[in-house]
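The chains carry the letters A, B, C and D, assigned in the order they are written, with residues numbered from 1 in each.
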Amino acid sequence: MSASQTNARALADTPVARVWLQRAGPWLVAAVIALAVPLFMHSSHALTMLSHMGVMVIFALSYNMLLGNTGLLSFGHAVYFGLGGYMAMHMLRYIEATGFGLPLELVPLVGAAGGLLFGLIFGAVSTRRAGVVFAMISLGIGELVSSSSLMFTGFFGGESGLYGNRTVPASLVGAEYSSGLSTYYLVAVWAFIAALAMYLLRKTPLGWMANAVRDNPERAQFVGYSPQMVRFFQFVLASFFAGLAGGLFIIVDEIITAETVGMVQSGVVLLSAYIGGILVFIGPVVGAILVVFLESELSAITNAWLLYFGLLFVAVVMFAPQGLAGLALQWYGAWRAGDWRGSVAARLYAAGSMLVAFLGLVAVIEMAYHLFQHWNPEQPMGLFMFTVNVTNALPWLLAFAVLAAGIAVFIFHARPVMQRAIHASGGDR
Amino acid sequence: MSDHTALALHGLTKDFGRAKIIRGVDLDVPRGERHVIIGPNGAGKSTLFNLISGRMEPTSGAIELFGRGIGGLPPHRINRMGLSRSFQVTNLFQNMTVMQNLRCALLWSRGHGYAFWKLVNAQPDVTARAEELMERLNLTAKRDVQASLLTYAEQRALEIGATIASGAEVLLLDEPTAGMSRSEADAMVELIREITQDCTLVLVEHDLGVVFNLADRITVLVYGEVIASDVPEAVRANAAVQEAYLGTEVH
Amino acid sequence: MNHRRRMARALAGLAAAGAMTVASLASAQSGDPIRIAYIEPLSGPFANVGDAGLKHFRFAADRINDEGGIMGRPVEIVPMDNSQSPSESAQLVQRAADQGIPFVTQGNGSNVASAIVQSVNRNNQRNPDNRLLYLNYAAVDPALTNENCSFWHFRFDAESRIKIEALTNYMAEEGEAEKVYLINQDYSHGHVVEEQARQMLAEKMPDVEIVGSALHPIGQVRDFAPYVSRIRQSGADTVITGNWGNDLTLLVEAADDAGLDVTFHTYYGGGLGVPAALGEAGAGQLTQITEWHANVNVDEGHDEYREWYEAFAERYPEIDWYYHRVYNQMYMLKAAVEEAGTTAAEPVAHALEGMEFESQTGTVTMRAKDHQIIQPMYISVMDTDVTYDAENSGVGFRTLAKIPASEATVESSCEMDRP
Amino acid sequence: MLETIVFSLLNGLLYGMLLFMLSSGLTLIFGMMGVLNFAHASFYMLGAYFAYTIGLYTGFWVALFLAPVAVGLIGAAVERFGLRQVHQFGHVPELLFTFGLAYVVEELVRLFWGNVPMDYRVPEALDFPLFSLFGTNYPAFRAFVLVVAVVMFIGLWVLLKRTRAGLIIQASLSRPDMVSALGHNVPQVFTWVFAFGTGLAALGGVVGGIQLVTEPGMAFMMGPIVFVVVVVGGLGSIQGALIASVLIGVLQTFALSVDWSLAELGALFGYAVSQESFFATLWYLDTTRIAPILPYLLLVLMLIFRPRGLMGKRET
């Protein structure tokens, strides 16, 4: 989905239909995938997970309006997500209590309005500066709001949170919303609209100047823009979309608790956006989907899931700062450029050596969890295709050997080879 | 002060702690004039620019742009009142292309402000003006090249382009030919002369060839004070200037 | 079967999605166990509590399986990590329903419990073919068996008001307290404790003066010394607290450090980690109100249950068998399933309603009106001179009073919708 | 009232000193390397766990020295093989690296030591009441914590002001670019500063783990408050960190020791708000309940009105 403005001139000669296809193509593919996924994953749990992915996609994209587009590192973005969610929940309960005629499909807009409102209030004090000062203010506001959540029980519902029933309000399209499927489609439609809106926002004067302020706030001042105002507007809009995500979230879960405004939630959205890649539009989308999937599925498989999660994040920061989507785009670029023997093979080689190291690491971690956490470590455990006894030295030696070999090959051979190959083919685009 | 004055400084001073860098500068720049400020290193030329453009706040004194006080205003407000500047060290949006840099510089003056309801690409006036500027800067061939990948001279040209793009009536150019070869500098002077025909120009320059080539009037700044401000011939003949600054170089 | 599941689990680390299928295949093939979803924090700051509970349930399940299972089918505990999050828990209920698991159990955090009740109610209403029962083993918020009671919810721990009722009865009888200080966590559980303690003390012991009270933020206070000096200045001789976890440990440690000589009446003084952290600091000073403690086995001569306790200690040396209610819950569930002849939620719920069960401590009854268990309660004090110490701390609990089930009860306002 | 004040001061000072032990290393690391180390509290936690485990074999006094050294070495390895790799990408990835590291450390601690709190106790030699005031004992260990913190502050002071290494560090606190100009091997200096800073945090953990509780959530609890101290004190300023630590410690303890609310203040001036009114929650909120948010309020206000903190030399 790279911006089309860079090759607008080249496109000027091609037929209009093709231009449109090129621009709209990715969106059509995304829409088709979003519509078709429930055909393959239709258990209600899977639908809930998919709905959460949709919510998280909006939330992570809105986060990236700050981090990727404007260069603002926030540790408190969940404040707007959560407060938006609370506003929407109060509306849902109001509808339940009074029969007020707002259709369910529009309830997320109440959340968005809530996000906008609090974005205006907190944005005014926090966007005066960028950098570390902004990051720390966002941390402080995040802690303030999440600590206040247990004091103002009227609004936050105390530690049990608030419940609502999504089947009560009327529907614009006559849907029931008692099943996960209809809810998923509601989320998907909103996610599509919000993603498109945020994509287009990047192409407006404000979106451009956000990039300009991120890269060179001083220069931006000398072309007439106040960096503070640019940051403020971006912040408010990002809060708007975060609130929208919060409003959808309460429709999916029908419950909201104080943790939605908390530090953990703020951390998760940061991780999602960064793992996906903050410099490409699709990055946060990929990151959000991956993180929701891992959170939901990996925890059911292994006790060590948080450790894997942390390691994945650290690995991305260290080896792929452009994020997974950014990395994939680079690979795709290399493949498109046709230099198969050049960098693609070298990249595969490097990835292969990392995979070997990863297998060794998984073996070590799983054995360690067995050794330290099983009530009887002498009981044999299954590991890949083997049955091992973790109280013996041999499996440990083997696992560490595989890990060390993978790392050594990567550092001393594969990575230099890959870097040379990339360099030879003119670097990454 | 007459209606013809574009930029006026009255008793301007700037202290850094106990160091007095600007010690009471008075200056009138009439509309349409090409005014060059010269002076030895450390005379306070760049500081003067920083004060005028709002990058620093003056300690005392007044700055007036078309008769309105601008001392202490933030840079973007001053810019919007019709004053634009370039920097001694190239200061562009390095990650953006030539075209994007020019468009960014045009957005405010074309009235697009903080708009988030319209697309930049859908603004033909901005595109047309940027194309035109690019042509005049001889950068059309580099349209989609990132600013950071341009040659030095091209970056300087783009810097000038971005400065004038906003259509400001008063331009401050800080050593536009610094670090250039003779031929590059000549080309730059021609470019400046050509594209600043309708503007008031205030220029800091070291290269005396450039100075006497461009200037309608010259101000000599030494240790934060103006020791002469006159037409080039008069400055060349001024004994104090010769003694303080020009002496060895001219003769 | 265990082995195959493990193998599947390790494989999963490699390729999450693929391995999941393997895991579900592996468990589906192995003789149709009766599964109970255990929804508790298994990661994050509260993981220790969730982990300990899981060990209790696994142990009890293994015992039942060794005895031939339930209707010949093995019992399997399916751990699900909710990270102590109500909304995460609501999703996990969904997952349990998807997987056809008929029972969910949970206990830590009344907020999580009410989310699960909501979620179970909703599922059972929207999804009549795939209903669930929620077996609550520790969440004590009275609302769950009063205004928010549900046909699908059964509580195997005494609710908060019952504990206060029993405690104040004991205090009135003993008559030593003159000045009482109330310190609690600033959330609904703490509020209930404070409110009920005020009310019942006023009713039963009008001479007792409540000299002060404090609500402190839950889980955030690192140094209780300021609270301790307030307690001291108030001149209190007795403190009542519903605190749990670190909030209790730190409070009593700080009191000990400052040389504060008061009696602490607690809900969770024997709770996981508290005795280990307190050690002898709590001896003679700290009481708890529970449905059982280890030395009951000695006092009342429950030899079989002593063996159970010791086998657990051998298997998990780092913690003790603490939740007697897990025993009650598992065996009552076994009885109910066998009576109903099925694991379907509705018949099992009807079988559980009103069930009387002979537990070690006496007869316990699942009150039909609100699904609150009614059982004997013990007030016990931390002491060094006991047979079983808690968590290798050198101190254990000695019974001060046993309150018979008939007295350990309060009225319920529950008006239940029955299917 | 006097009693309240004396004990608030004593307790606040103690808590403040614990905060100082954690934050001095962080502020050093930030001042010099520009890295806001989110994993700093994780090193504090490692200090507590290491001291507990080492102490099982050697006793407390040896562990008091060995644990910080061991954690410092781990810190050096983290800097050398992790942060340095990330350094080329800029400050945000550096910060995020430490953010991820905090997750990993917590999980590893859970893996090796389990989820239950450790039985990490006051050493026998210090397990007695030092003095008694208004009938309340003041335990010797608390005094010991104060002594350790004061010794640490003096040691840091001497190190920074009186030694060559200290001069380099000081120089780079205000002008990081100058150090390489003077011909110092900057990456190596970074490694040592990071190791030293994490070692200081670990020392805080050795005593803090006893004073508070040694459990896997301890890092998560202390993490944000340490940032508050460092920012309020002024990034890179040791004295600032000390003042801010004590300020926050005393402020929070004091708020806990008295039961004031706006309602009482209002009552003094004969002004009352009904319990039902919209702002009643706020009006009747007493200081005890506000205490935990005070540091964050201070943080936000400080950043709005004086972003360089109390003693900061430069704005970030």
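Criterion: a residue touches a chain if its C-beta (ideal position, glycine included) is under 8 Å from a C-beta of that chain, and two chains touch if they have at least 3 such contacts.
It should be emphasised that the depicted structure is a prediction, and the values quoted were computed from it without experimental measurement.
Novice: When you take the mean of every protein CA atom shown, which chain's own CA mean is nearest to it?
Specialist: Looking at where each chain's C-alpha mean falls, the closest to the middle is A.
Novice: For subunit A versus subunit D, what separation do you get between their C-alpha means, in angstrom?
Specialist: The answer is 31 Å.
Novice: Taking the mean of the C-alpha atoms as each chain's centre, how many Å separate subunit C from subunit D?
Specialist: Computed from C-alpha means, the inter-chain centre distance equals 35 Å.
Novice: Report the inter-chain centroid distance for subunit A and subunit B in whole angstrom, where each centroid is the mean of the CA atoms.
Specialist: 44
Novice: Out of subunit B, which residues touch more than one other chain, so two or more?
Specialist: There are none in subunit B.
Novice: Quick check: what residues of subunit A touch more than one other chain, meaning two or more?
Specialist: 147, 151, 304, 306
Novice: Could you pull out the residues of subunit C that touch at least 2 other chains?
Specialist: 43-44, 186, 217, 220
Novice: Where do chains touch, given as pairs?
Specialist: Chain-chain contacts present: A-B, A-C, A-D, C-D.
Novice: Can you list the subunit B residues touching subunit A in their complex?
Specialist: 53-55, 74-77, 79-80, 84-85, 91-97, 100, 103-105, 107-109, 112-121, 143-144, 162-163, 165-166
Novice: How about subunit A: which of its residues touch subunit C in the complex?
Specialist: 43-46, 48-49, 52, 147, 150-151, 158-161, 163, 165, 178-179, 253-257, 259-260, 293-294, 296-306, 308, 359, 362, 365-366, 375-376, 380-384, 387
Novice: So in the complex, which bits of subunit D are touching subunit A?
Specialist: 36, 82, 85-86, 89, 92-93, 95-97, 99-101, 103-104, 106-108, 111-112, 114, 224, 227-228, 231, 235, 281, 285, 289-290, 292-293, 296-297, 299-300, 303-304, 307, 315-316
Novice: Which of the residues in subunit A end up touching subunit D in this complex?
Specialist: Subunit A reaches subunit D through residues 67, 73, 125, 128-129, 131-133, 135-137, 139-141, 143-144, 147-148, 151-154, 263, 267, 270-271, 274, 304, 306-307, 309-311, 313-314, 317-318, 321, 368-369, 372-373.
Novice: Which subunit D residues qualify as touching subunit C in the complex?
Specialist: 3-4, 7-8, 11, 14-15, 107, 110, 114-117, 119, 121, 129, 132, 135-139, 141-142, 211-213, 215-217, 220-222, 253, 256-257, 288-289, 291-292
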